[in-house]
Amino acid sequence: MQDVTTEKKEFTPNIVAFCCNWCSYAGADLAGSSRLSYPANVKIIRVPCSCRVNPTFVLKAFQQGADGVILCGCHPGDCHYVTGNYYTRRRMALLFNFLNYMGIEKERTRVEWVSAAEGQKFSAVMNDFVKTVTELGENKRLTDLRVKEGE
Amino acid sequence: MQRIGVFICWCGSNIAATVDVKKVAETIKNEPGVVYSENYQYMCSENGQQLIKQAIKEHNLTGIVVGACSPRMHEATFRKAAEEAGLNPYMVEIANIREHCSWIHKDMDEATEKAVILVRTAIAKVKLNAPLQAGESPVIKRALVIGGGIAGIQAALDIADAGFEVDIVEKNATIGGRMAQLDKTFPTLDCSACILTPKMVDCAQHEKIDILSYSEVEEVKGFVGNFNVKIRRKARYVDETKCTGCKICMEKCPSKKGLNTFNMGLNPRPAIHIPFAQAIPNVAVIDPEQCIKLKTGKCGICQKFCGVGAIDYEQKDTFIDREYGAIVVATGFKPIALDNFNEYGYSDNKDVITSLELERLMNAAGPTDGVLLRPSDGKHPKVITFIQCVGSRDTSGCGKPYCSKICCMYTAKHAMLIREKYPDTEVHVFYIDVRTPGKNYDEFYRRAVEQYGVDYIKGMVGKVYNENGKLMVQGSNLIDNEQITIESDLVVLATAIEPEPSVRKVATLLTASIDTNNFLTESHAKLRPVESPTAGVYLAGVCQGPKDIPETVSQASACAAKVIGLLAKDKLKTNPCVAMADENMCNGCSQCANVCAYGAITYVEKEFRLGGGKTEVRRVASVNPAVCQGCGACTVTCPSGAMDLKGFSSKQIMSEVEAICKM
Amino acid sequence: MLKIAKERLNELYAKISESMGLFIPIKKGGEVNYHVWGEGKEVSLETLKTVKSPKNMFFPQTENMMKFKTEGKNIEILEAGIRKQGDELKPFVAFGVKACDYKAIEVLDKVFLAEPVDTFYQARRNATTIVTLACSKPEESCFCGVFGIDATNPQGDVSTWLDEKYLYWQANTEKGETLTSLASELFEKGGETEVEAQKTSTKAVLAQLPFANLDLSRFKPENLNELFDDTRWEEMSEACLGCGTCTFVCPTCQCFDIRDFKTNDGVIRYRCWDSCMYSDFTLMAHGNSRTTQMQRFRQRFMHKLVYYPSQNDGLYSCVGCGRCVNKCPQNLNIVKVIKTLGGKKND
Amino acid sequence: MKDVELKMLERAKALLESGEVARVIGWKKGEFIYDPAPASFETVDELKDFVYNWFCGANLSKYLIQASKKEGKTAVFLKPCDTYSFNQLVKEHRVKRENIHVIAVECLGKFDVAKIKAQGVSSIVDVEVQNKEVKVKSFGGETVLNKPEILLTKCETCQKTHQVKDEEIILHDRPERDVNRFAEVEKLEAMTPDERFAFWREQLQKCIRCNACRNVCPACSCVKCVFDNPASGIAAKANDDKFEEQLFHIIRAFHVAGRCTDCGECSRVCPQNIPLHLLNRKFIKDIDGLYGEYQAGETDEGKTPLTSYTENDIEPTDAVNGEAK
């Protein structure tokens, strides 16, 4: 029993967050300047708009050892590019549903809308996502074993 | 062969306190392709930039990564520095090791490790960067100001004075906004109308200013320098070009029971009306909800009496399309609805009023001709209690979490004016804190207390109730630590202010971001306070955050300065990070055009060489780089990957993904 | 000759598996392919044609060749050869290989074991003991006889025959003997009569098969140019999708591509099957050497029927297994090519 | 069926002879009754090999991409399901509609020879169909099989009707059917994630990456597929890792989502019989459920569900948690 718990404690998930430049990246900046902490294993990739995120990037992240992937964009209706996040919403709803259908844990993927003013939300979302993925454990279903060679 | 230089900034102790910057710089030295890695206290400083420039030249760098604060802060700075050193500015990538690392993590090892990963990720990206050249687009030398309050008026006047055409779009029948409703202004107590109306007149008379009152923005297309705006001119049923403002129609109109919105509904007004005496334009408008003719088809009295034949019941909304180089948003504010504050008895008691209603009651042009009479029985109130922070600084969810900023000062003003005019009146003010930062503000407040004997009570009001026709204000006095009840004739609520609700639509049209309180977000709180994140869109007045008249006017002038700076240019550099289709891979399927919000994608038939001397004509996509805004929606829609985004190419992002996933 | 009752075959598999890997046709996900045997696996020796041919065992779909790491200008080789995680290649048994597929291994040997020797392939070949299995129920897509293969009498280290009751077992080589000795207690003697009877009856069926008499006479090196220039390639290939099905189910196709994969700790260089039917096959800096699907289609069949035999003493690199006949999505196949171009007798 | 074939042949001849069309795309006899191949006929003489029978399952619409670029008009025989693909290709400007003469041809379901062989019947010479009964004549004699059991998987749930036609050859009525094409998808959805994962793992590990599914797919009409393009970063030949098996099939399904007409060719051609249509059908089902019924290829214009939106679309989190069905 003890082994199991220590193992779980030691696991820190690798989280990739795609953030749109105008809202969510700025929201993450605000979380930073407000010193609202979230775990260091959340790492952010800046994209102009959440609609730039190709499902391939999401899968690539899982291949490369990510345990969770989250997309953050402006709130629907507030997209800097007018309609970009509407497409994101449809694409990811379908993609995530599909991954779930293939037996890949649905909790590993998420879309959140975080505005430039929501530093607090950004931090809360990341903390929550890390918690969820930590409980899930390591991504074993959608990863490339070769990547982890040599570890 | 790539020669990458890496520059790790300490940001004083902002980064260096949590990230071992020297270790980061050292570790990165071993990365393939990195030929130079350095750390420095302030990379953005003159010396820091010099260090970068020197390294670019000395080490022949092909790309640089700066590990520093957010790219939203200094990306432009470092790009400029690189350009000055002869490196294409788009060969610069920023690793955000401050906002996304040092400021949120406490453990030095952890933060240092993350900083290394973030820098590696930026290196992975910069290796795939390509030099980009910014294109040029012309600037339409005309500005649009949305909102005709003091902010919009000031911005329009300043821009017009610099020689540029300005249109003011105002949704109400007159410009003037909230300031026109005010009686006196703090801290100088000069008459609001006296200082505002001349400006309104200036606007009307300025040859460069076109006032489009009773109008709303319907649609915005385009981008900085080239906005295409569709404006709805609402039917006012009065020909603006004919109406002389004689007001005979107002006298004759049989439907006189409408709420005078300008007077906060404190008195009635006719269906056809001019909002107030100094309205600009001084043209009548018919309220279609109230007009008998428009509702039933019978009446038409005003038309009969109008000497110039200005009345037109058939008038319809019309639309005009105009082009602008810049847009100023100055949509202003309104007091919040008090539905959530039953404890103050606002809806049950006529004599519980808001501060703005008090302004009208004290205004010489108001419903009582400036005599302070209480609404219920028209008597002089002898005891007046002011309640501060009604809905402001409220974290319960009923009101607003922010400070409305103006209430402390205008309440002091009200108290003072009442005591001045009616010295026999007893004035109490319940407050949480009195906030008076600003030139001559605290002095002003002290005058209210010391010179005018206003009774300031530190404490909150629990409830206001009516007992035998008297308003009982029950609250706590925190200084004396006691519960008190004040029998009052009039209660004035310093109601919180919120952005005018129409701002949401405007923000959506302009793709300007809005915060949780519906205030428009500025690009940077300190460095770019009047610019919205959308290029070419500027923010003035309360739409951006609570502020008083002096601040609003300053911000409006600042906006104007920004707009003038923009319009003074003949051409703008365009963002080179735009989409581009690889013709050799494009299927011509049109899916990309279906998702393009800007109509930037068109198709051409092109001949391609196949093997064996054969050719083939194919339909392929072509992106107009001046119209493309670089969102990337098309890139994901494109199944063949023919569509890519410069500066954020699929290869670059995948390379970042690879690097960032490596623990 | 030895024999083993069918119901005891699992014991035989278990015995072999104790010391060697055992690859055998197993039904998984509804399809029968060679997989490593294990308790509870659904072995299907009766299946005439596995989807993937046994070449997979010597020339796997993908195979790591080396691992290396670069730091600055230095390259450090971490691992080379077929070893994975430092393991030596364990000897294994390829069980149930049909005569056509066994012949196919000979075709592959001529490519991979000729100088320069493909050591990856060689190591796997050396580690294998091949147990063949005679066909008793050939079907209409079979035409191994055209290439002189006797489906009833396959070679290999051990030859076997299967009927309703027994698997008959005949060791042919030293390796075969060794394998037999591993499980000698499971075998009993006998079966010659049954095997002979099966051979006779199967041969009768084989002679009746629709493709039993395909004429290959025109596929000779001296006809190369004429065949190459034949105008009928165009119509034969017009429905070709350019997929790799025929190549990947083919027991003799041997093309591969070498690619790199970045890991957290360096680079894995691996090879994987490639298909001459693919538009990016042998992609070079200047582009593709064959730009149309007709050219790619022609290449494949010319290679099987003309180029390869011209370099290997007339040995065709088709063994008539008929997998492509069954699997081509659009029903194009080598039989149609042979019938069109092979010779007069086909008309 | 013979009467339909004769009528088709007659029309093909007439069209070629009159010069109305330069070529006719149909099916050509093979070595057996069950291996007809798609073919283009340019002369009346070539039509001697023309065939239309119970084994003409192939979807001919994709061949029109090339054919519509050739000089002269092309006539093509399209079964009901093929017409959806045709519309989709016209919508995506891959096929020039004006260059094609569509002859809608009747289809009462097509047979899967592997399913017949699996019932122990080999060396098939002919088939005779009477309602649900199929008499299969082979060297071994005559066997009676149940028609629904030997239909191609794609025909099992087909309810499609011709969406486009310039003329039609329909001699027999197709009986109305009431089938739920999502039944298999629903079965998978009802499983636990572990079971679903195990199911797809077993299926996908059979993949030999022959690309037949992609190359036959009318929606996969890219000039160059991302998986063939080294610049895409995901190009691969044979799968080297289970991830690559997943990646290929996920991305392929995503790329055709909203465009897949459910023609079922992917599953028909898979040499390993992976039920690939169940991947695409999941997208179709979700699109129907989340954004309203949509059938790709019903028309040759308009946006697909993934290139349109509404302001109140479901949130991804709610979608995966099954908030809306």
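For clarity, chains are labelled A, B, C and D in written order, and residue numbers in each chain start from 1.
Throughout what follows, a residue touches a chain if its C-beta (ideal position, glycine included) is under 8 Å from a C-beta of that chain, and two chains touch if they have at least 3 such contacts.
No experiment lies behind these values; they were computed from the predicted model shown.
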item	value
Comparison of A-C and A-B by number of C-beta pairs in contact, larger one	A-B
Chain closest to the middle [Cα centroid of all protein chains]	A
Intercentroid distance (Cα basis), subunit C paired with subunit A, Å	45
Distance between chain centroids, defined by C-alpha means - subunit C, subunit D (Å)	30
Mean-CA-position distance for subunit C and subunit B (Å)	71
Subunit D, residues touching no fewer than two other chains	224, 226, 232-233, 240, 306-307
Shared interface positions of subunit A, touching two or more other chains	55-56, 60, 65, 77, 83, 87, 91, 146-147
Interface hub residues of subunit B, defined as touching at least two other chains	595, 637, 650, 654, 658, 662-663
Complex contacts: residues of subunit B adjacent to subunit D	584-591, 594-595, 603, 616-619, 637, 639-642, 650-651, 654-655
Complex interface listing, subunit D residues touching subunit A	185, 188-189, 193-201, 226, 232-234, 240-244, 246-247, 250-251, 253-254, 257, 279, 282-283, 286-287, 290-291, 305-307, 309-311, 313-317, 319-321
For the subunit D and subunit B complex, residues of the former touching the latter	69, 92-94, 220-226, 229, 231-233, 255-256, 303-304, 306-308
Complex interface listing, subunit B residues touching subunit A	70-73, 96, 98-101, 103-107, 110-111, 113-114, 117-118, 121, 507-508, 511, 513-516, 521, 533-534, 577, 595, 597, 629-633, 635-637, 645, 648, 650, 653-654, 656-658, 660-663
Complex contact set, residues of subunit C against subunit A	67, 78, 261-266, 268
